[in-house]
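You will see subunit A twice below: alongside subunit B first, and alongside subunit C after that.
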Partner chain A sequence: MQFRIKHLKRDINQWSFYTMAIGLFVAIPVFAIVIYLFDGVGEMWRHIVNYFLLDYIQNSLFLLLGTGFLTFFLGISSAWIVSNYDFPFRRLIEWLLFLPLAIPSYIVAYAYVGLLGNGGSLITYLQSIGFSIQKVEMMNIFGLIWVLSFSLFPYVYASTRTVFKSHPNSIRETAYLLGASNRRYFFSVALPLASPAIIGGLFLVFMEVLNDYGAAKYYGINTFTTGIFRTWTALEDLQSAIYLSALLVVLVFLINSLVNWLRGKRSYAIKVGQQSSTHSRRKSLNGSKRIIYPLLLAIPIVFGLLLPIAQLSYWAMLTLDTMLNAELFWIALQSISVAFGAAFFILITALVLIFFSKWNYLNSVHFIKKVATIGYVIPGAIIGIGIIRSSQTVINFFSDTFHLKIGYLFYGSSVILIYAYVFRFLAVAYNPIEANTLKLGKYLAESSYLLGSSKIKTLFKIELPLLRGTIISAFLLVFIDILKELPLTLILKPYNLQTLAVKAYEYADDERVAEAALPALVLIFTITLMMMLLNYGNKKLTSFGKPANKQMK
Partner chain B sequence: MNKIIEIKGLSKSYDGKKDALSSCTFSMDTGKICAVVGESGSGKSTLLRLIAGLERPDSGQIKIKGKIVSDDTLIMPPQHRHVGLVFQDFALFPHLTVAQNITFGLKTNKKETVKRLLQLIKMEDYAHAYPTSLSGGQEQRVAIVRTLALNPELLLLDEPFSNLDAGLKSELRQEIRQIVKKVGTSMIFITHDLYDAIDIADEIILLKDGSILRNSSITDFSKNIQNEEVEKIISDLKSNARRTLELLD
Partner chain C sequence: MLRQFMFIVFIALLASCSNEGQPKANAQEDKQSDQSITLYTHRHYDTDKAIFAQFEEETGIKVNVVKANADELIQKMESEGDQSPADLLITVDAGRLVRAKNKGLLQTINSDILTQSIPAHLRDTEGHWFGLTKRARVIVYDKDKVNTEDLSTYEALTESKWNNKILIRSSGNIYNQSLLASIIANDGKEKAKEWAAGVVENFARSPKGNDRDQVKGILAGEGEIAIINTYYLGKLINSKDSTEIKAGNAVSVFFPNQEDRGTHINISGIGVSRYAPHKENAVKFIEYLASKEVQEIFAEANYEYPVNPSAAPSDLLNSWGEFKEDKLPLSKLGELNKEAVIIFDEVKWQ
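And then the complex of A and B:
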């Protein structure tokens, strides 16, 4: 024991304290939810349990199952075709399949009502060519599953495509030499090998489904997230909203545990050699595949990208005169400024946490940074409630103890919104940067220490320059996520701040869907631009790593 | 003679598992070259990293030039130990040129030092080259002079010859010995090849499962062996060395 205390005194340093302080500060919303649970249930809790809770649970689970199934099919089929076959415009199609991510799902939801509702654009067109169809009812749970699936399938597509592309030729050739058909190879070899990536992609889809507020609210589907909003705003019962949030957190952690268990059971290490290049083994389409495979690729592109964009463009043309004004530019500027500022803070927080915890020698401190980065799996509505409740405590404390009114500091500025973004999206920046820091290895930094440099000098002279590409990518990823974010922004934005996402939502909520189109299109255009930058950056930014298997001269 | 390094009861385990290093005790005179020989997993790299201050020991004491740099209550950071370490993969900074790598730790006389050290390793034309354009042998030479630029009191080399082909290995062994003797520093290097040790070291430490089995001068290494296990290991190492010699011939 005495020995341990001696070591604790020896090993604890300023970085241990900084890591703990920053980690705990970032994770306040989680602690707030847990602590305020002990305040007991709210006044409306019994009413919610009797009339709504079963609906929330059933709908949320049904949505998860439905979107899980559809995104699984859309993501895997498209990833398989683009990774294994060569056809005209393949590169363009590979890129287009990512783009549905640029359109927030609530905007796709509005577009579909405009397309398929009574007198919708697509319905009118179909009637003009002889179809006797009045409308397709979208505003139900099946419509919501359709919308969410076509908007979120790129998560499964992206992760699965990477794995399909990295499968070495030798594995495929061995399977064929052992007598496997194409079908057998796909189901018995390729799919099981890709299963950890598929599960990872599906997990992201599930988190987005549970986080969705705009689409579910517009289609009138009661989910946990819409329930939390309703309980807090319409029923004015924050305590019951906290209880609902806690239940949703339990559901999220159940899914998370299931995913970790499944991925742990199915993690396969594949030796990827130089022969893994897919260029040489992409086959041309022949026979019936020449028709079926392009059709399979066309489905997600048409329904997830082209139709929503066409509808939004049509509405935008109708409302151009009234909507294209200085206010729109001002909103776009605010949106970009907030996203830029928040992304910057998130990047700094991620870097600080990664390197401070690396410089700390106490293992127990690493737990804190894990808690600080769980925001990405907690729906925005819960984070919003956690922050509102904890900031109320701080405001009351200052008011009671010092007679200071500090509420405007919290609610009149963007500070609290940016703080919420930091917690929600920290993992988006943290995970890739940490992974690349580990990939960089410890020897470069250690060499620098042994050459007389401090940790800070090593960070600025060696580690950050080598992580430049990853840092820029992480920044753009966070920037995109913040631009699209809706529930958290709705709860926490100051009165005088307006973002493109919120503006589009407000118009649609006000039954002025056509007016929502232009802000939505500006938002989509900005996100697409960022995605193109991200793609360009990933290709262009220099990697200083040594070539593998370098010959010794 | 002054001791450059004195180690007493040094132990280290990772994540509470079996000791990577167990109660090691040895010392080395200033100006000597010592080879730490052992199989993979015998604790050689851990020993080097503990001396450099890159790992924290569970127990034991390390003194460099008579000054305690590590014990149960104190850990001197690597940058204050006046120790240089050349890693197995050389760890050259890939975004800096050869000259920038060499002068990384220097505050003054940068131009002169680069010129002098590149002359020493016969690489005068490579000052502005990036590490990715160098061969393995060139990278190693640069890594060594980068460390020597700071005049360390003790030079540590982690498996310096493991990635090299036989011809280059022989050439570099002698080159390193000459450089080290010329600049007058002390050196500890680790290897699993006895021939590397016999060729350039003054002393040998034989490690197995984290414990020192034998610590002697190169001339006494195979004399008066009382322990059967040590005898077997030395005989295996000798046999490997003979094969290396035959291959070289």
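And then the complex of A and C:
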């Protein structure tokens, strides 16, 4: 420790300050919540510990384990196949595999009961073709694992696919020259090289699982998050609820340290720059792979996308006459514009934090980054409390010292909502971009510095273009997350703002799932459209980018 | 270079803030100065919107609506303090209104119109909140398997003849909490705990799904009786999904405790915020919602019972017959809610 302090003066620079300032600003809600912690546990704490804490922790851990395994398998197998093999409709399938993320998990949970529950549509169909099946019980912890895994695996898929795709041919050729089989290459080279990205993706899955409320509640599974809400709303003990959230954050920190420990001190830098040869290396399927691989791809698409969408479409048809109107279109537009704006800010914040802290040498700054990205694990409603409380402090300050009423700025506009999104979803953009920045290594940047370019110039001319794929997929993930977000949107949105997720929720909350289907489908459609646009934009950029690169050389 | 970059980011931030915020904020300020009310509500029904629009048309008072869960709205009002834009709070149960009152978020309203049109047990004694619609928590039973004579009271559900036959949702649900709170108020805490333990003993399956799913469970033969709110049955029968219609028609309604205190009811209700910027308009709004004509539409759309005795329930509700309701002051439900949840945890009612 003393050693470090001695070097403090040497290690600290302007970037340390910028990182800290931005990190602290984003992390304000954490501090607001921490202040609550000083008031001690609430009166129901003993009751909570006696009656449900252990049960809730067990369930949550079991869920994490189950979804961890399933999303790992689904995400990696599909990412591997689409990035290494060529087959009909490959590009389409590559996109379809993202889409399960577009359906809010609680809607998927409802859809599965609609399919497989009592008198479910799939059950009825199976009965009509001669199967004697009553129902498939979805409403238990295994059903919940199933639902969450099939709606969340794209996190693993997305981050892993980017890495698999960027593995240069040279590595593969070297491995083969050294006599490695395909299998050996996958397990000993490709998988370890992709591990930071896989872990980053799994981390996102874990956070989503821990944060899930709607699906767990509907299936009657007590988890940490349902416990937090029970404590807050039913036991009327906000104080203990915040303590439970703090415990959850500790759990996440444990998972996070485990991740870092797994990642170790190894460097995952690969020399990139031979990406032009990636396309030629895709092989066609042969032998038994011709049957197994398409099957492996079909599983996530059928269970994560086609079946839920079929059920939603069925419901939407039933309610089309009442639900289809021009308003839905406007709601979609509003959702898109808010999500777009917020996603933009999240990306900027993530990039700034990543690169500023990379340029600084003070290790303790990394702690601030951790705090700033913690928003992803705190239940949205608790964040809402933290944000309302901190903005209230600002409002009171202005009204006390300047006699200015600025409350309307906070409650009547989207500013505070967008800030909340940045806090909530920073990790979604931050983790994959950081993983890929690590993979870039320092060579390129350092060469650029040696050639006399400034840090900023290097960032814009070299590092950002190289990260473009990651940035775009991060943008997409954040965009999707914001479109689906509920608790913060409900509590912080100005009342003239309507979003698709809120609309769907209002119906589902009222046990009118069929009516919720059309807004949910529009949500999925919006996300699909967005993905297509980004894909198109990305291609354009690539074609623009090429001559520019040549000039640079 | 860095400065330029920072400058651009700063400008972008400013620009977006002004784009996102200012116009709306100004617009809102304008609104606040003239005729408008801001409503925090937990009700999500489409018909509400139509009624608000009609109110706007008749009075020229604009209704701004914030929809979220009651707990979050209460927390929001609490945090916003005296700068809260909320004029009114609507919840879908009495317990939350009592909670809002206890937190000092509501104010007393003296309105003869309201005291005349809403029965005393459906509003706060000090005028902090008023019921708008009623819902009864009833027993529905399998028409084919259950004999009506076997049903009598909530208390009788613990009898061993119902072993493995009762379907009910989880204890996280407010309507179950209110039901147990009413049993605590009527029978005492000890009896209530025995009751809850007895019902758990008779569960057909571990609690899951919502009220509609319980009725579907009866259709599938998983249980024979279910405890649900009346309006969900209305929704099932009028659903567009054939399975739901079948489920709704497979059961009949039984109003428990007709020989003694009456069937447990809850309300969806409204209160005026303590710092309401437009108190007068807010009272006008409540009086409007309590009027006979509006009550009929307001209640019928969601298959609820109107609180105003002069308003008639819908045909479907009439077909289930009249019933005696538990006249327990609803504020009791709020006071005993926490105790009910503690009992649920103790008897392991999931």
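The criterion applied here is as follows: the second predicted complex is superposed on the first by the 347 of 553 C-alpha atoms of A that agree within 3 Å, B and C clash if a C-alpha of one lies under 4 Å from a C-alpha of the other, contacts with A are read in each partner's own complex, and residues count from 1 in each chain.
Following the convention adopted for this analysis, a contact is a pair of C-beta atoms (placed from the backbone, for glycine too) under 8 Å apart; a residue touches a chain by one contact, two chains touch by 3 or more.
No experiment lies behind these values; they were computed from the predicted model shown.
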Is A:W232 contacted by the first partner subunit B, the second partner subunit C, both or neither?
second
Classify the contacts of A:G452 with the two partner chains as first (subunit B alone), second (subunit C alone), both, or neither.
first
Contact-wise, after the overlay, does A:E511 reach subunit B, subunit C, both or neither (first, second, both, neither)?
second
Which partner chains sit in contact with A:I462 here, subunit B, subunit C, both or neither? Use first/second/both/neither.
first
Using the superposition on chain A described above, determine whether A:T319 touches subunit B (first), subunit C (second), both, or neither.
second
A:Y443 contacts which: subunit B (first), subunit C (second), both, neither?
first
More residues of subunit A are touched by which chain, subunit B or subunit C?
C
Classify the contacts of A:R184 with the two partner chains as first (subunit B alone), second (subunit C alone), both, or neither.
neither
Please identify the positions on subunit A that touch both subunit B and subunit C, taking each partner from its own complex.
454
Note: in the complex, subunit B contacts subunit A through residues 52, 54, 56, 59, 72-75, 77-79, 83-85, 87, 89, 91, 93-95, 104-105, 131-132, 135-138, 146-147, 150, 163-165, 168
In the complex, go through subunit A and note every residue touching subunit B.
3, 6-7, 9-11, 361, 442-444, 446-454, 461-462, 465-466, 544-547, 550-553
Interfacial residue positions of subunit A with respect to subunit C in the complex
44, 47, 51-52, 113, 117-120, 124, 134-135, 139-140, 217-220, 222, 226, 229-230, 232-236, 238, 315, 318-319, 322, 338, 341, 344-345, 348, 352, 381, 384-385, 388-389, 392, 395-396, 399, 405, 407-409, 411-415, 418, 454-457, 487, 490-491, 493-496, 502, 506-507, 509-512, 514
What residues of subunit C sit close enough to touch subunit A in their complex?
1-2, 5, 9, 12-13, 16-17, 20-22, 24-25, 28-29, 32, 38, 44-46, 64-69, 71-73, 75-76, 79-81, 83-85, 99, 169-170, 172, 174, 177, 206-213, 216-217, 219-220, 222, 232, 235, 239-241, 243, 246-247, 337-338, 341-342, 345-346, 350
